[in-house]
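In order of appearance the chains are A, B and C, and numbering begins at 1 in each one.
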């Protein structure tokens, strides 16, 4: 009885801690007038409309979405052949590429960002939009690499052997057995990279921040030059997108497994 | 398809694109940054190629020593708070039904993926005078009038714990969810209460996991580049904030790069330590 | 020449020799069981036949063609894996039609063949079911049907029934044997279960330490084991020491066995005699005298354990011929010489 009560209390406190700032932001975002008050005075969804109608916010949204869509795609394109090779071949030295794929995500982000800044500045491409796409792709390659490695590890190798005994060569096996089985992991890897790219600030700022605004950059700039409730509505929009994407992964895939609930070799 | 060693050059083709991308866009930029850390600052542009160690020599000032000490202390504090909250929480979470676990994981991932900008904005709102939590305290009669709770050290700490807590829980989750439940059941049959069994059995069994998690959260917290800036005063700035500031606002790329190299060395040393701890765990 | 010829095939992993110069001829249409304890090399041998392992040396010849250099997918064989390896992302019908589909067979052709095979394995109408919804026995049959879809020259099975419970396994053994006889397909099964091998095989190949110890029809393996390992591995046996005494007679445990001849020049050897060939009676006369230490009444058979000078002899009888003994009784053990097999040194 009391144990259950204490556990519920504990869960509630953690839930409150995690949601309190978001609740306040959500409250602020529906203020009727342009003021930072909570509880909100009046009710208006106008600030949500702003994201799509205000030219500056809309442009930032388009930049962010373009960046996320493209960089996540490139990240997957890098991770898929790498994860496949590491699963298919015995080549211990190739693990160096796995380390390279994991490093940008483990190191403090400022470092990776600064690395990109010095690189693009040195090669004279600083400020071009595509540099942010490539930078994000490298920065977030870790995510599809991890999900795909998990996915490959979960494939029973006898499935591939069975296909070979029935006359399938390597290419056919890849197309008819491996890819269909890996697809959920590929989609979640893409989704993870997409959401994080959408939210990323420092790498985007250090590559294209002087010429282009993405949503996080726009929020930060707005924060420095005064308050507008659109910042709050955009924040809520971000939380909603993340919850939607991760919720879909949970619904159509096994999110517990993706987060390591089962050992990678087990079933 | 059994694993086999590559036989011909053609077998290496899948590595071509990933290898090229990672080398050109990660190894080369990283090396560039190291090179830049030895360059000379050029106020009119970015920098001029040179070989000077002035940028590193600047570390030896009292100011820099203070920033470094504060950064490390703050990161330690964040790591300890997060693990202290997250460890029992994650343990209890793994005992809940799958649906509850999934729901929490979705929520945690959503918070974890949030931009530092948004977290900073949300906490600055929560701690603000006009829209903050103190308005709630006024409403229930705890306070006379709302006050601003920032910029303070407490605000920085709260924001950074908020940022790192989902990360901590997700790092601990695999180890705790795979913990052999019979271990605890055995302790229970021997007469230990659930709380006692948790402290006597679960915690010691996962001692190395806890240490590894502390280090990982520490490195994660070291990387926080905006929260000290938004929620604190300049004296609460950390190494990451300083790097950003030098690179962008002071246009001193070489010095920023030198600090970044220094930060990498600290992080790498700690990640290496984590791997070492992890290896010991597996050996047991 | 028709059939499968395995020619001095060897497989080494580092210093470990998994399969050591194995030679075997399997005539067309034969059902072979590779039998042995785990680690004896039987699975490695099967995988080399399938092309899933590359032999270190030696050749595999099928119907006169050397298939050793051919990759698995060009060998035209059907294989059932221990894990069954049914594709989880495909339905039962798509699993069975896989081999036809990747060869570009038309939809009608695939459908027709799937229906034929589902009828063959007694699962008509299962084509659209997801694999995950099948019971263990059904999955087993689907895996067999899938392997037979192209009417392969060679049908290989790696411990195919190990996941099933004892009763279902016995039923499937009979079914598999009947199916093989109907199709007349050359079949090789790896198993560690000697009952399974006895039930199904035309030819039992007993392996140990990477070598073939004996290859013969089941009843011959049982009646005339080549050595102590085979005798002990196949069923229960009594392994007793025999020697020539000073009078030139062959004795077992000190008692002369008239009519049992030792090979020329051999003074000491092991003799194998099956428990059902051991007779119990009154002590005295020509029988070996011993004491009953344990009686196991299994209903269908009765096993009696008799100790003779520190050696235990097991005798099995049916209830009809129930020996009238109890623990502690002194009995006479008779070993008919025609049932004793003198084993090689």
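Here is the rule we use: a contact is a pair of C-beta atoms (placed from the backbone, for glycine too) under 8 Å apart; a residue touches a chain by one contact, two chains touch by 3 or more.
Predicted model only: the values in this text are computed from it and were never measured.
*Asks:* Suppose every chain is reduced to the average of its Cα atoms; which one is closest to the average of all protein Cα atoms?
*Replies:* It is chain A that sits nearest the middle.
*Asks:* Taking each chain's centre as the mean of its CA atoms, which one is farthest from the centre of chain C?
*Replies:* Chain centre farthest from chain C's centre: B.
*Asks:* Rounded to a whole Å, what is the gap between the Cα centroids of chain A and chain C?
*Replies:* 55
*Asks:* Between chain B and chain C, what is the gap in Å from one C-alpha centre to the other?
*Replies:* Taking the average C-alpha coordinate of chain B and of chain C, the gap between them is 59 Å.
*Asks:* Cα centroid separation between chain A and chain B, in whole Å?
*Replies:* 16
*Asks:* Residues of chain A touching 2+ other chains?
*Replies:* Residue numbers touching two or more other chains: 161, 164.
*Asks:* List, in ascending order, every residue of chain B touching at least 2 other chains.
*Replies:* 2
*Asks:* For chain C, jot down the residues that touch at least 2 other chains.
*Replies:* Touching at least two other chains: 52.
*Asks:* Which positions of chain B touch chain A when the two form their complex?
*Replies:* Residues in contact with chain A: 1-6, 11-12, 14-19, 21-23, 25-30, 32-33, 35-36, 46, 85, 88-89, 92, 98, 101-102, 105-111, 113-126, 128, 130-133, 135, 162, 165-166, 170, 173-174, 177-178, 194-195, 219, 222-223, 225-226, 230, 240, 243-244, 247-248, 253, 256-257, 260, 263-264, 267-268, 271.
*Asks:* Which stretch or stretches of chain A touch chain B in the complex?
*Replies:* Spelled out, the residues of chain A in touch with chain B are 3, 7, 10-11, 14-15, 17-18, 20-22, 24-25, 27-28, 35-39, 74, 77-79, 81-82, 84-85, 87-91, 94, 97, 100-101, 103-104, 106-111, 114-122, 134-135, 137-138, 141, 157, 160-161, 164, 170, 173, 192, 195-196, 199-202, 205-206, 209, 216-217, 219-220, 223, 231-232, 235, 238-239, 242-243, 246-247, 250, 255-256, 259-263.
*Asks:* State the interface residues of chain A toward chain C in the complex, per the touch definition above.
*Replies:* The touching residues are 156, 158-159, 161-169, 172, 176-177, 180-181.
*Asks:* Sort out for me which residues of chain C touch chain A in the complex.
*Replies:* Of all residues in chain C, those touching chain A are 50-52, 71-79, 81-83, 85, 87-89, 98-99, 101-103, 146-147, 149-150, 156.
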